[in-house]
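Here come two complexes built around chain A, the first alongside chain B, the second alongside chain C.
Moving on to the complex of A and B:
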């Protein structure tokens, strides 16, 4: 350190201020982020059940996961949410953004109509959709089906239809965000690129696939990653639309609901912690893949 | 900042003149596309329209799926506020949201400022450490938080609901980016005027980043208003429920009274809609900024 003067130098005095400013935040991040993370990892190797002791059981919880059919059922559901949710929502939001980008009249109003669902409380909207799915004479969807001369559908009461029925409002609420991000990406593409392509005689489809899509790559990667993470963590809509059960017969139960049940209904904290570690590893892999994809250009 | 520069230029419209929806001459395809976009937008807001319309209907009218109530009534709202935990839940959400947002604004901007404007040993370690917390999923942390809250007696308290969100790595990162745009000369001039470091931050630097602060405030408040998992875990006392937790518990009380459920959903949604209508510009710009940074 600098020992030339008497007392602290300006640099040292600044450093003292800096650590002073950071003292409380560092205490917070250590106490409420890092220590709990370590505790969760450690707990995943124990038989912790909130009241009893934490005994180290090695890989016991992970072996239990491997042989737990309900865990694999839940993983299947989670990846169904992920696969359907990401592909359908990005397809729809890209189409809307692609055309919305070209609209000048009423641009702001149209964008607002698509964006509004994104700001809502999931639990509130879950009720609205749950109401829509009710049988005749309550639910709008079935009323419409009957008016069209079609058969009523069970929606949330069927093991086959329940998962898509829960996913629909999640997609509905999510695409507003994706549209806004796509619009930002589209605006960042210089007009001259399009003009050059038009002069070369490229049609709208060729421009879409050879100019727009490649230049949108960072935006697409960002949205695939953020929406994958969101659908992997789906919880609010499922909980609210199935009264916290993930039913019928676990047909809609995602990983986070299983973690919630394991921890706070059965108080099997060690086992729940192991499941959160699995979620963490998947999320980490997705984020690392994002870095990889953005760098390899 | 990029979002501002790249905003669509009105010049396009003027240059082409006349009725112009798509930056070129009005083709039949353009009209079809505009109409399709508009209809899609209407479909997007249909759930709100149904929700609000039903909240103004008497029970005997809800099976008629007409959009406008025959006899609009505020009866459901009155009953909701008299006979359920709703007023309390509303206040709880407001209280937790406001105090969390205040804390986030204060501490995230302090951390962002320190990391952007001070040079000291360990700075980059602190920055990377805080940034790395963005990778830790809440679902993993709720288990230790719960046992922590249980040990310290924070279950069913406002502090218990609020403490995990008092600072955010995202906010600190966002504020750091913005403080980096504040010129050092300005801060040095303030120091020469005899302000101490705290005053330099509070009186000189903070006012220069108000756009970022307002964006952070909006997102933090909305995030807290809709937060579900942790409040659901930490509260079992109905008097401490936040709005989403209360709404999720709603089915028992008003089992088949869908007009009451829709009224509850409306009350939970209207504040966010109001925020959006008032602050649309900041919200959209904030999201675009976050997207472009990534």
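Moving on to the complex of A and C:
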């Protein structure tokens, strides 16, 4: 042990150094993340128009949420983004990755092509898609529909079609990232498992469902969680494609846009903070579910 | 000898000390005040120019100009002033006055320097919204209004006189029909009029069309929504008929009204004077600006403006300096400079109505519109705009009867007003 009687031991010294290096990020996190988070929790119990005092109103904002039909409309939209976004994007990205894994020629080029949309600025892409959705003669989608002898669709100007229309470029951009992760997961499965399955006479479907899928589980869980969080927080595509309105008639407005509006257009900061707390609780629940799923492996 | 030198040194020291003290006093006399506005190139340049002139005329005062991105503007001011920092003179949107007063971010303008009777005589009547309990809290340099833009080339192509824009709503429909082009399959190639509820059309509908059909947007005390009646329904019907019945436009055509008009794909559009710069920058776009079309002999317009007020931070010498500066940036000369640099209309009637301004081919229509303009007393501009957008979408997308759509919108907007006034 400490035979010389003075000075810290090597172990203590290491700990001091470690904490020394950690001090800066910790201070940063406490100041820039935790403190505002706690402030937001407090603000959610107040009535605050950003220029005045914060008046404590207890659970007033949460009661208001319960009776605010526009909040529940927006919640419905948010979960529509989540459900459609996660399922469609994972399905498509798995199919692409599965076949891309089998392709040897042009593998790198194809992978890059799928990844490029992920690198593109969301707002720029959203605007391009906004033009795609225009009626004939401007919008390509409607031009194609008409050439195929089908009826034109209103897309962004329809309360039913607008949400999927906004979601499409978000999925398209997100897929590139998911494909790369799936490919890494597929590469990590040892060849010998497939060979063993083939020797045992398993067909391709059986191999897919009994070898590939179970071994991809950590990858799938990771992608479900990250994409869930991303779709729950969807904002930029909606903002750019609906001129910041989330219209028509709130058909595309997600929770984050409503929070943004409540805070920085209506300056109803307390109410916005309460909505943020609800979003936080949902995100927290998803993250905890992920931990549990990964541990029960 | 040494003693003499010492005495002389003491004298020298005393003189030097006095000189330093004097110059220090002189420096203390130079008052520095801060002016804040939001970042917008032309506005920033105009204020910089005004500050230069002001400092030349007032050597004892220095004005520090800070501009903040629009999105952070309110937040920063709200944080700075209660902390005893930030601006002495601040620019704010007229619709924010109530909130600013509630939060104690403004002090009343001294009546000896800003005589209310004089203000009312010299400024456009909309400025009276800045008066509370007989005291003025802020004054504008410039105001803005709406006008009808028309594309002269497209008029010519359609066989219309390019010098003759529509003067009434009925003429507007007739001309728009001639100016609309569709493909054989019925696809819109050129809009007679570009419509954009997210742009200026909600103001047109609220303050102009509703009044022209015999209604009023709000009650006289501004606390009750007043368009849930036949006049409101008729105004809404007239507006939505442009798309559904007369088919001279399409919502979202080329994404928004200004893009469609700029691209030469829409013959008419309604917009503000702040759009002149964008349209002037478009090569090959030959346009004219006319007053908003009248209906049943009624003319109306919507005006809005940014004002300058003095914050509680300015006390003593700083307050005097702030008053001087505020007076300076609301002089006729400052307004002329603002018109030339920013393209916003002078807030003083005498400056705006100078022949050179009133008959200007571009600004003239906006200035003439100010004479009969209303500035909406918004309590929450974005929420109230959304009510109007949704009202139109209800009719166009959901086939809701206009009468029911105005009733729904009025109920929704009343909630917004109630939420504000009961606080």
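Keep in mind that, in the parts below, the second predicted complex is superposed on the first by the 270 of 297 C-alpha atoms of A that agree within 3 Å, B and C clash if a C-alpha of one lies under 4 Å from a C-alpha of the other, contacts with A are read in each partner's own complex, and residues count from 1 in each chain.
Methods note: contacts are C-beta pairs under 8 Å (C-beta built on N, C-alpha and C of every residue); 3 or more make two chains touch, one makes a residue touch a chain.
Just so you know, these numbers come straight off a predicted model, no measurement behind them.
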Between chain B and chain C, more residues of chain A are touched by B
Between chain B (first) and chain C (second), which does A:216 come into contact with in this model arrangement: first, second, both, or neither?
neither
Partner chain(s) touched by A:170 [first = chain B, second = chain C, both, neither]:
neither
Name the contact category of A:131: first (chain B only), second (chain C only), both, or neither.
both
Partner chain in contact with A:90 - chain B first, chain C second, else both or neither
neither
Thinking of the overlay built on chain A, is A:248 touched by chain B (first), by chain C (second), by both, or by neither?
second
Between chain B (first) and chain C (second), which, if any, makes contact with A:52: first, second, both or neither?
second
Have a look at where A:261 lands relative to chain B and chain C in the superposition and call it first, second, both or neither.
second
Check whether A:146 is in contact with chain B, with chain C, with both or with neither, and answer first, second, both or neither.
second
Common interface residues of chain A - those touching chain B in one complex and chain C in the other:
50, 131, 137-138, 243-244, 264
Interface with chain A, chain C side, in the complex: residues 71, 74-75, 77-78, 99-100, 102-103, 105, 183, 185, 187-189, 198, 250-256, 380, 382-383, 386, 389-390, 393-394, 397-398, 423
In the complex, chain A residues that touch chain B:
11, 14-15, 17-19, 21-22, 24-26, 28-29, 32-37, 39-40, 43, 50, 96, 99-100, 102-117, 119-125, 127-129, 131-132, 137-138, 140, 143, 169, 172, 176-177, 180-181, 183-185, 187-188, 219, 222, 233, 235-236, 239-240, 243-244, 256, 259-260, 263-264, 269, 272-273, 276-277, 279-280, 283-284, 287
Sort out for me which residues of chain A touch chain C in the complex.
47, 49-52, 130-131, 134-138, 146, 152, 156-159, 243-245, 247-250, 261, 264-267
Residue numbers of chain B touching chain A in their complex, please.
2-3, 6-8, 12-13, 20-23, 33-34, 36-38, 40-42, 44-45, 47-48, 50-51, 62-63, 65, 107, 110-111, 113-114, 118-121, 123, 126, 129-130, 133, 135-137, 139-148, 150, 163-164, 166-167, 169, 172, 197-198, 201, 222, 225-226, 228-229, 232-233, 243-245, 247-248, 250-251, 258, 261-262, 264-266, 268-269, 272-273, 275-276, 280, 283-284, 287-288, 291-292, 294
